[in-house]
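All chains are identified by letter, namely A, B, C and D, in their written order; residue positions are counted from 1 within each chain.
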Amino acid sequence: MGSSFGTVFRTTTFGESHGAGVGAVVDGCPAGISISLTEIQAQLERRRPGQSRLTTPRQEGDEVEILSGVEAGLSLGTPIGLLVRNLNQKPGDYRQMANIPRPSHADYSYRMKYGVNSLSGGGRASARETLARVAAGSVAEQFLRSRFGVEIIAWVSQVGEVTFELPEAELEQLSRSAVDAAAVRCPDPDKAALMTAAIEKAAAEKDSLGGVISCVCRKVPAGWGEPVFDKLDALLAQAMISIPAAKGFMLGSGFAGAAMSGSRHNDRFLKDGDRLTTATNFSGGVQGGISNGQLINFKVAFKPVPTIGKVQETVDYEGNQVLLKGKGRHDPCVLPRAVPIVEAMAALTLADLALRQRGNSLF
Amino acid sequence: MGSSFGTVFRTTTFGESHGAGVGAVVDGCPAGISISLTEIQAQLERRRPGQSRLTTPRQEGDEVEILSGVEAGLSLGTPIGLLVRNLNQKPGDYRQMANIPRPSHADYSYRMKYGVNSLSGGGRASARETLARVAAGSVAEQFLRSRFGVEIIAWVSQVGEVTFELPEAELEQLSRSAVDAAAVRCPDPDKAALMTAAIEKAAAEKDSLGGVISCVCRKVPAGWGEPVFDKLDALLAQAMISIPAAKGFMLGSGFAGAAMSGSRHNDRFLKDGDRLTTATNFSGGVQGGISNGQLINFKVAFKPVPTIGKVQETVDYEGNQVLLKGKGRHDPCVLPRAVPIVEAMAALTLADLALRQRGNSLF
Amino acid sequence: MGSSFGTVFRTTTFGESHGAGVGAVVDGCPAGISISLTEIQAQLERRRPGQSRLTTPRQEGDEVEILSGVEAGLSLGTPIGLLVRNLNQKPGDYRQMANIPRPSHADYSYRMKYGVNSLSGGGRASARETLARVAAGSVAEQFLRSRFGVEIIAWVSQVGEVTFELPEAELEQLSRSAVDAAAVRCPDPDKAALMTAAIEKAAAEKDSLGGVISCVCRKVPAGWGEPVFDKLDALLAQAMISIPAAKGFMLGSGFAGAAMSGSRHNDRFLKDGDRLTTATNFSGGVQGGISNGQLINFKVAFKPVPTIGKVQETVDYEGNQVLLKGKGRHDPCVLPRAVPIVEAMAALTLADLALRQRGNSLF
Amino acid sequence: MGSSFGTVFRTTTFGESHGAGVGAVVDGCPAGISISLTEIQAQLERRRPGQSRLTTPRQEGDEVEILSGVEAGLSLGTPIGLLVRNLNQKPGDYRQMANIPRPSHADYSYRMKYGVNSLSGGGRASARETLARVAAGSVAEQFLRSRFGVEIIAWVSQVGEVTFELPEAELEQLSRSAVDAAAVRCPDPDKAALMTAAIEKAAAEKDSLGGVISCVCRKVPAGWGEPVFDKLDALLAQAMISIPAAKGFMLGSGFAGAAMSGSRHNDRFLKDGDRLTTATNFSGGVQGGISNGQLINFKVAFKPVPTIGKVQETVDYEGNQVLLKGKGRHDPCVLPRAVPIVEAMAALTLADLALRQRGNSLF
């Protein structure tokens, strides 16, 4: 269970890194939407290992295939099947660790859950599963952009102790190409250089770093999000924390807002043509769980990658003390590659709420 | 839509503050569980307005009635209907504001969503809806405690700029009575006094304060949580951010973990009888979205209450500039009353995952 | 589990005959729909016991209360809570049977399922639960009629061995008042008299009769129903077979169609203004699970009521042979009272598919 | 929407006959179940076109591939991806009919639903989609058999006007090999010969025939099925009517039961060791929507295949009169091939209810 997301625009993913492939079925994408395979592939490239020296040199060469639901470039309204074959299976890397649960990995909790000890370990917890999210998210994004003009841009705003806060005035203009200017995907060149240096230092030390990804969603119409449990921000929180290694989520003022007074934090209304806008946006574009037409902006904290080259003291399943040393090739910092994953999960959340809102407004 | 939570243990809530009542239907509670009305009522009392001078003096006197699903104190396995009548309806307080969307309230976004402008305003965004969550959450908690021994304790760890970090060693012993020793629900007497003073100052200034609630879940067995989208932490994030005024969620190391190195952050395993434990718990009790048997601990940030006595400049729906002054009686700080709501949402999340795990393990 | 129906227009029911009441929460009804309490009550009256000498003389006097979701006669878009109190609880009637599972009742299977033996017996299998369906179904019907002009009419087409086939030409004109002209709810006076006589004879013999209810749904637009599993006819089948005592469902030609040739059964198209119509309607208004704009007509078979006055040989839970004699007052034939239940379930099915179709058609 | 079935054991299918392939994702199969690819393939062979002269001579050669969720022959507890490539795409056969909605096909209703006119026509309504159901159903069946001993056997009990009623005493012994002894899949040799002759006659006349499939589920434990809407029989009804061309469903006495008296129809209890059994089984193994431990038996009516060789008068989308003549190679009667589809849908229904029951019974 648990491999589906969304109520009306609903995505189901499948696949382990040691099986034949990973993929997704997107059920509920409306008919007649132009779906570009090239655009899906482009987002996969941004997630791909080996794209820069900052990431693992493993070459996955992930080619996505559309199995169904699209004909002559247009969605049919039926389930869109997406498949990426696994080419680079090296179970040997993992087999030797089969009796040692890797610290802060999912091996142990998966074994406690399923009662099996597979090569795939916590196979669905593998970063490779996120391929399917990115592919499905690109379909969602294409739908959102073509029908509503929605734009979703994520970037790296922290690596280790290097932080970067994008000035609020630049949220409206930020582009993916600006984000991609540096391999580390921080749009500020100076901070990008510092982040890069931090990652290279961690790599040299056979260690890893965490960080924070920020994201802005633009041109989201007012009225998306459902009351009570399926609030826009609540589902975004689920979507983001469901990404491997995510440990925190905040919208708008977030944890900083907790220290503010109401008179400072309240976003008072201003006239803006025939609609209303707000003077500030501490709310992060969501009021009562429903979009209010302002920018939706949020942050996601990621822990450092648990796979490190450094030797670690730990125990095997029998409780014997062992020294564990990482053998596979892994990222010292996943933040740059996680940018398209955050965008994908935001798109999947918004696409579902866009369609759910259709049922509320028959006027 | 959006008023249901959970897949197997599934709660649906209903009710606006201006209607006949609020309530919940809990479908999926197993049969034969002892359900105490007194215990449900006790949690409602902790959420009740007017319980101390720190909260609104409105007296709601909320009595919960069990409509179905319980016979002779035992659950039948059928839907448990819960109802709390609205006694203290004062639509007059709100009617005058019907043409002015309150800043940082849900009035505007609800109107954009539904195309209606009701007395109930953003009625489902009202804090009163949380009554239903607390009642349903108590059912979930009684189930979890009686079958698994699970304990859920939340407390106030920040009010405005006053912060309190419970020493990790005390997470195992903290009790609800320790939390309730001070009306502000911070278990540290000194910090509680500072928080109380901060709230009283805000009240005197007709302003409001936000804060942070921390929560620990003890004795959660390893293996709860579903891979990919319905991870334990992802559903907790949804549950918490769905609470009115919540702006941020973090589990374990959270945002602080983003600045740590992997070698420091990894929770190495230790032998603990015939199971494994971990030397540290930066993971917050969840690995790969699945509980690992350690303490689950998380934090939720709340913005300051948007309803304040201070005069606010804003505009009405037509865009005319107006001065808005709060008339109703409202809390200067909801944090103390939100403690049982956080506990309730944690219980609803865990109860569902407990039952979902039953389907994974047929051994 | 299992007490919810629908994906977007979603109804959850609760309540046993021996608890405080039965009710429903309808989540997903669009805002701004005129909801008449009188109309809900009118459908409940048609379901009410004691309305004629053909039904049980028990007087339930079921008054429905709207708890939420409706203000000034208009839906708010939020969950509509509906409650009918239980007034006529006579557990004494049932208590003596607590150790004897009634033949063809749900007592035994409920006990095997839940491991409890409650006064409520198979409480959710009780006919009283259908009150909640009728109330929720009336909300759905009011939505469907006001927005789409949909009309749903059911009638009794068989009681015991007396059958009545409405001429196809009259499907367009049939009204509820014509159905209600006879207490047995068969619109043909002669057949109604025969059915009435059959029921009176069964009552005199302390026996019971089954029968068939037919239903037509008019003015359903083409395009409702989802491919594969959530076909309009598949969900109708679930809806109908979920009614207590239902044993069979067929759409259009149904079982008779199995004996026909394709060349005879195919509904060839004709021009009808700027749309197409079909020369025949063996399909019953549904092709590939999706409405085609023709009349939707179907039948539901009901077994005879299992509660009879006649003495029955059976065994108790320990396997001891016993003679069981019905004590409560029960219907010799539920068909007349099941007419509004069939209409309600059809309305709940169509309302959900109407809203789900909104997400498919963004043009 | 609508391409998923089940709540805990949940199957999602995808694919059109004109795309790259059809497949399914089965999420919720417990870990540690032995899954045989050979057995899946064997059921696909029984559904395959061209297996006898009674079916279309098209050779599809459908090879299923397991993409995920199974390692070393055991389920991992994670989603099981299943894919069958489309090899025999001949869009030319259909292209000429693109402007003519085929009578009693889904072309017209799909176009009204989605607003697109694809080569795939009512692509998800194609019989080819059922491949995915059979593959997923085989997984469900392997789970049910290995954990509970459940056996599911379907057979052809009517073709056109030739009917066959299996004596009730033989329900316990009937095997798939007995069913498969004749290509028409009727276990009675004489009736099988008559059915075969009827199909050959229809084929010679370029016409088609419908029929009825019967099914028995053995060794289903008491207690499966959820109250109210997700009753075992209600979900079976949805499952069966969701099969292309199905027009009717009945359980146990079905429509015949409508004519019986209660005293005749009631299944009185008998002692059977330490459990109870029933003297008759008019209920078809389900009481109040919950299995009672008796045989579950039901029937599904199928209309004649709408694709026929005979010339048909109809109109195109513009309303012009045309003569339509079938070009592709099609089955004169799908009943023999639908036998494994009925079995698959029964298995998917029962597997889900088996796992849902786990949550009800914590004792």
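Observations, loosely collected:
Quick note on the criterion: a contact is a pair of C-beta atoms (placed from the backbone, for glycine too) under 8 Å apart; a residue touches a chain by one contact, two chains touch by 3 or more.
Being a predicted model, the structure only gives us computed values, none of them experimental.
The interface holding more C-beta pairs in contact, when A-D is weighed against A-B, is A-B.
Of all the chains, the one whose CA centre sits at the greatest distance from that of subunit B is D.
We define each chain's centre as the mean of its Cα atoms; on that basis subunit A and subunit D are separated by 39 Å.
Rounded to whole angstrom, the centroid-to-centroid distance between subunit A and subunit B, based on C-alpha atoms, equals 26 Å.
Shared interface positions of subunit B, i.e. residues touching 2 or more other chains, are given as 1-4, 7-8, 13, 28, 31-32, 77-78, 113-115, 124, 227, 356, 359-361, 363. Those residues of subunit D lying in contact with subunit A across their complex are 1-4, 8, 10, 12-16, 18-23, 25, 27-28, 31-32, 65-72, 74, 76-81, 83, 113-116, 118-120, 123-124. Residue ranges of subunit C in contact with subunit D, taken from their complex: 1-5, 7, 13, 101, 103-106, 108-110, 112-115, 122, 124-125, 129, 158, 160-161, 202, 205, 207-212, 221-231, 233-242, 244, 246-255, 257-271, 276, 278, 282-284, 286-293, 301-308, 310, 312-315, 317, 319-320, 356-357, 359-361, 363.
By the touch criterion stated above, subunit B contacts subunit D in their complex at residues 7-9, 28, 30-32, 77-78, 147, 227, 355-356, 358-363.
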